[in-house]
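In the two complexes that follow, subunit A is the common piece, with subunit B as its partner first and subunit C second.
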Partner chain A sequence: MPPITTRPLFCRYLAQCRMMAVSMENFIKHTKVQVAKISPDLTESVAKEELQQSCDNFFRENIYLAGKSITEKAVERVVDGDTILIYKKSQLILHILLEAKARNKNFRVMVVDSRPDLSGVQSCERLTAAGIPCSYVYINSCTYVMKKVTKVMLAADALLANGYVLGPVGTALIGLISSTYNKPVIVCCETYKFSERVQTDSILYNELADPDSMLKTLNEEDTPVSNWRDCPNTRLVNLVYDTTPPALVSIVITEIAELPCTSAPVVLRRGAVKM
Partner chain B sequence: MDPFLLKKITRDTKSQLEEFALYLSENKNERRSYVSVVKTINVFRDLICTAEWVTGRELIKIVKCYCKYLPLSQSNETDVSNVVRRILKIIREESVGPEATNSADGISAFFKTDIKPCNLGRSDLQDNILNSIVELLAELDTSKSNIVNMALEHIHSNERILTYGHSNTIRDFLLYGRKARDFEVIVCESGPSLKGHKMAAELSEGGIKTTVIADSAAFAIIHAVNKVIIGTHTIMADGALRATNGVHQVAMAAKFFSVPVIVCAPLYKLSPTHLCSYDPDAFNKVIGPEKMLNFSNANLHSKVLISNPDFDYVPSDLIELFITNTGGHAPSYLYRIISELYHPEDYDLDNMCVEDVEDEMAT
Partner chain C sequence: YQRRVRVGMERYVEEFERKKNNNKDTPIAILAIQVLNDFVSKSDVGTLQQLLEQLKELSTQLKATAGTSNTSVVSGCDLFVRFITLSRGQNDPSSEDILECKGFDRVRKFLMDRGDTFLERLRKSRQKIAQLAYPFITDGVTVLTVNVSRVVLQLLVKAHQKSKKFKVLVTQSEEGPLMVKELNAQGIQATQILDASIGYVMERVSFVLVGAVGVVENGGLINKIGTYPVAVMARSLNKPFYVAVESFKFYRNYPLSQLDLPNDARYEDPEEKNHPEVDFTPPKYINKLFTDLGVLTPSAVSDELMKLYI
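Presenting the complex of A and B:
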C-alpha cells in the first residue's frame, strides 16, 4: 500500500479511523484496477454504473458465493459424534456449523472465548438457538478441554504469502495446543483475504485496540490497574491479531480448493493473472 | 474421629484438631500456602506434646490416624500433606537414633518398615522431635528469602520477563531484582480471576515497567521475551507442575520459541505424588463460572456447559529450572530431593505399615 498521504482521500479517511484490514486493502486494489480499465469513451453515469456493478460482482463472487462454497466443502468434514472447537465468533464458521446441523449431523461444539471482547458468548447463543449442544471455556482452559475435542475449526482474517495465518489474537495458541494434542486444525478463509505481505511474528504488523476494554469486568468492579493512566510504570496492551505458523495448521479451505497453508502464493499468483 | 486416636488425646487437643480440620475445609481459594503450613506445624507440635505415646511407631500411628480425619485428599491441600510428611520423617529419624542415621546401616534402616527403637524414653524423644520441628520452622521462615536472594543470578539488565497471574514469591523475586537491575515485566492477566492485574499493580508500585496483556496474546509476544518466570501451586514428583489455569499453554508457547521457563517455589510445595490419570477431571478442580459468564446471561447458563478449572498440569519437559530455597535444580533432580525430604512409607498418607495393620486386626 502506498504511504498514507498519497492515497485517495477516502482511503486516508478510513485509515485514520482505524487500521485497514487486509481484505479491505485487497478490495481497494481491485477497485483501482477496475477504475483504470474503464474506457475513456464512456459517459460518467455509465462508468459509475459499471463500477457499481463490478463492486457488486466482487461481493457476490468473492464473499457471498465463496462463503457458500467453503461451507459446502467444510460441512463434508463434520461427521457424527464430532466435538468441534471454535474460537470466538466468526460468521463463516457459524454458518458452517448451522448448515451441518441443518443436514442432521450429530455433533457438539466447544466454544473457546477470550477477554476482553468475549464474542464467544454470541456464538453460544446462536448455536444453542439452533439446538447444537455447546460447551464454553476461556482460552486458559483450552488444554483442559482439548482431549475431548475431535477437530478444530478456525477463521482467518488473512492468509499471508509465506503461509502464516493472521487471525484474532489467541488463534496461534489454539493452533499450538491442537497440534500438540494431534487434533486437525481446519482454517476457513476466502481468497479475497489472501495477502502478499510476509510476516514471521505477530508484533511487526498488528493493531492495538482500546486498552480500557481490558479493564471491563463482568460485575463492573474496578481492577487493581484501573488507574493505569496515573501510574507511569503500567501499560495495557490489547492486541487484535496474531499470526499462526503454517506448521500448526492442517488445512486451509478456500472456495477454489482445499490447500495447505504454504500454497498461499500460488493462489495469489492465480489472482494476479486473473486481474 | 478414629476411636484409637480418641483414646490417646485429651479433650482440648481434640477440639483443637477439629478446629484445624475445619480451617482446612474453609477458605480454600484464599488461603496462603505459607500461613497454612505454619499453622499445621503448630497443630502437630501440640499433638506430639499432649498425646499418649511411648515409642516413635505409636506416635506415627497417631499422626496418621489424625491425617485420615483431615480433608487432605483435596487437591488444594498438598502443602499441608507435604509438611505432615516432613514431620513424620523427623519422627522416624529421631526414633531410629543419631548413630543409626550416620552409619551405613542407617540408610537401610530408613527403608525397613520396622523402626528399631533406640533407647530414648518418651521425654528425650519428644525433646529431640520438637527441636527438629523448630529447625523445620526456621527453614520454612527463610525459604522465601532464600529464593528471592537468587534473583540477581537469573535476571540481567534490559531483559523482558513474562509472568503469569499472581504469585507472592515471584513478586518479591522480581522486586528484589529491581534493586540492582533495570528490566521489564509482561504479565498475563490470567482470566477469569484477573489475578494478573493485582500482580501488575504491585510490580509497577515497586518501580518495574509492567505491561498487562490478555492470556490469548501469550503466543504473539513470547518470541520477544527473554524468559518466563512463574510460580506454582504444587510441584509433582517428576518435576511436573500443578499451577494456575493457563500456565500450560504459556509453557508450550515458550517451548515453541525456545524461551526458558523458570519456576520459583519453596520445597514445601514439592509433593511425592505423580499424575495418576490423564483424565483432566481426575487431576483438576472446577470452580464456579460466575466470573466467566454473567448471570444476566441466565438463559445460556442453563443450556451451555461452562467449565472453569482452577489448575493446570504442566509436564516437566516444558520446564527448564526450578529455583527453590535450597538452590536451583533441574526437573530431573527432584527425585533425589524427595528421597531426602520424605520417607517412602509416607508418600501415601493413608498407608499404615504392616505391623500396625496386624496390631489393629488383633485388637
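Presenting the complex of A and C:
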C-alpha cells in the first residue's frame, strides 16, 4: 500500500483509529472505487448519502449475509456427539454453535483461551447461557484435552494468497496440535478477508498490542517485570496475529464455497469480493 | 401430475437398468447421461423450469438404482444439466444463444445439441486420459493398481501399444482377477497379489496407479475399499500415487473423515449397512490426477469445480 500521507483522508482517519489490518484493505479498495464513481454534479449531501449507502451495502453483503451463509454450511458439519474445540472468542463461530444448538444438535464445546485478553471467558458465558455444555482450558493444556475433541473450529482474521491463515496468536499452535492428533480443522472466513498478501511466517507482518496488559495476572500482584520500561534489556512483546500453514487446515468455509486452503488464490482471481 | 410424471419416468429407469446390464464397459455415468439426453428429446413439457425439475427427479431415481457407483451418476447428471443450460457454447461464440430461442421447441433442440456435444466429449474422455498419461509409464517400471478400473486398463493398454515394457501388480480386492485376465489378454505381464501383501511388494513398485469412483472437492479420492491403505503405504515409502479419472466424476462433496461419506455411497444396501464398499483417501496422499482436463494436482480439483459450478 502507498505511504500513509498520500492515501485519501478517510484512510488516514481509519489508520489513526486502528492500525491498518489486512481485512480492512478490501473495504478501503471498495470505498475508493465508490468515491471515484460518484458523479461530480451531485450535491454534497446526496453524495454523502450514496457513500453511506454503499458502506451499508458492503457490510450487509460481505459481513452480515456472508456470516449467515457460512453458518448454514458450517452447521451441517456439527453432528450429534461432537466435542468441538474453539479458540477464544469469535462472533462467527459462536453464531454457528448457537445455531447448531437451536437445531437441537447434541454436542459439547471445549473453549481454549489464552492471555492476556482472556476473551474465551465471554465465549463460555454465551455458550452456557444457551445450554451448551462447555469446558474451559488455557492453551497450555491444549495437548491434554485434544484426545477428547472430535472437531476444531477456528475463525480467521485473514486468508492470504498462498493459503496461509492469519488468525489470533495461538491459532497456529491449535492447528498444529489438532493435525498431530488427526482432528479436522475447520476455518470459517468471509471472502472480504481474503488478501493478496503473501507471507509464510508471523514476523513479516504483525501487530503489537498493549504490552502492559501482559502484566495483569490472576492474583493482581506486582509481577517481577512491572518496571520493565526501566530495564534496557527487557521488552514485552504482545503479538496479535500468527500464521497457520495450509497443510494444517482441513477445510475453509466461505459464503461462496467450501474450499481447501490452497484454493484461496482461485477466489481472489475470480474477484469474488464484491466491489 | 406428479404421479403421471413419475410413472413416465419408470420407463427411463428400466432403460437405464437394461443399458447397465448390456454395457459393462461403459462408465455408468455415461449411461445415465444417455438416458437423460433421451428424456430431454422425448419430454413433452412446455417450460425450461419444468424440464430441469423433471431432470432432477429422474437423476435421483437413476442414482437410487446405481448401487455404490452413484457418486459418479450424481456428479455426471449434475454436470449434464449444467452443461446443457449454459447460455452460450464455451468455445463457439457464433453458436446460438439459448436466451434468443423463440418457442420451447427451439430451446429443446438447443438442449439436445448441447447434450449430444457433452456425450461426445465424455465418450472421448478415456482416450484423452490414455493419451495424456501414457508417457508416465516408462520402460522397466512396475505399476501397482487396486481392483479393476477400465480407465487404468485403457491407459496401460495404450502404453503397451507404444511398445513400453512394464509389469503390473494387481491387488485382489473384489475383482482383481478380472483385471489380471484383461491385462494378460492384451499381452501385458500382470500378477495378482493379496491385499495383505502390499507392504511386502511396495519397495519394488515404481508407482501406484488407480482409478476412481469419485473425486471430491478437496482433491480426495473415493475408490473401492482397500485404496486408502495402499496410498498410506505408498506415501510412507515415497512412491508416487496417481489417479486416472474422468472429469465427470468430480463430486461436490467435502468429506473430512471416512464417516463423512454419504451412506448410499458407502454401502450396497444403506438400510443393512454391511461392510462398506468404498473408502476415502485424503488429498495429501495423492500426487497427481490424470483427467481429460489435463494432469492436475489435488488442489486444482477445487479450482475446476468452482469453474463449473460458481
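Assume the second predicted complex is superposed on the first by the 261 of 275 C-alpha atoms of A that agree within 3 Å, B and C clash if a C-alpha of one lies under 4 Å from a C-alpha of the other, contacts with A are read in each partner's own complex, and residues count from 1 in each chain.
The definition used in the following text is that a contact is a pair of C-beta atoms (placed from the backbone, for glycine too) under 8 Å apart; a residue touches a chain by one contact, two chains touch by 3 or more.
Worth saying up front: this structure is predicted, and the values here are computed from it rather than measured.
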| item | value |
| --- | --- |
| Fit or clash - subunit C, subunit B, common subunit A | fit |
| Which of subunit B and subunit C A:231 touches, first, second, both or neither | first |
| Which superposed partner A:184 touches (first subunit B, second subunit C, both, neither) | second |
| Which partner reaches more residues of subunit A (counting touched residues only), subunit B or subunit C | B |
| Touching partner for A:262 - first (subunit B), second (subunit C), both, neither | second |
| Touching partner for A:70 - first (subunit B), second (subunit C), both, neither | neither |
| Which superposed partner A:149 touches (first subunit B, second subunit C, both, neither) | neither |
| Which of subunit B and subunit C A:160 touches, first, second, both or neither | neither |
| Subunit B versus subunit C as contact partner of A:128, first or second or both or neither | first |
| First, second, both or neither for A:250, with subunit B first and subunit C second | second |
| Contacts of A:96 with subunit B and subunit C, given as first, second, both or neither | neither |
| CA minimum distance (subunit B, subunit C), superposed complexes, angstrom | 17 |
| Subunit A residues contacted in one complex by subunit B, in the other by subunit C | none |
| Complex contact set, residues of subunit B against subunit A | 189-192, 194, 197-198, 200-205, 207-221, 223-224, 245-246, 248-249, 252-253, 256, 278-280, 284, 290-294, 297, 300, 303-309, 312-313 |
| Subunit A residues within the subunit C interface of the complex | 77, 151, 184, 186, 247, 250-251, 256-260, 262-263, 266-267, 270 |
| Contacting residues of subunit C [partner subunit A, same complex] | 217-219, 254, 256-257, 283-284, 298-299, 302-303, 306, 310 |
| Sites on subunit A touched by subunit B in the complex | 111, 114-116, 121, 124-125, 128, 133-145, 147, 169-170, 172-173, 176-177, 180, 201-203, 206, 214, 217-219, 223-225, 228, 231, 233-239, 242-243 |
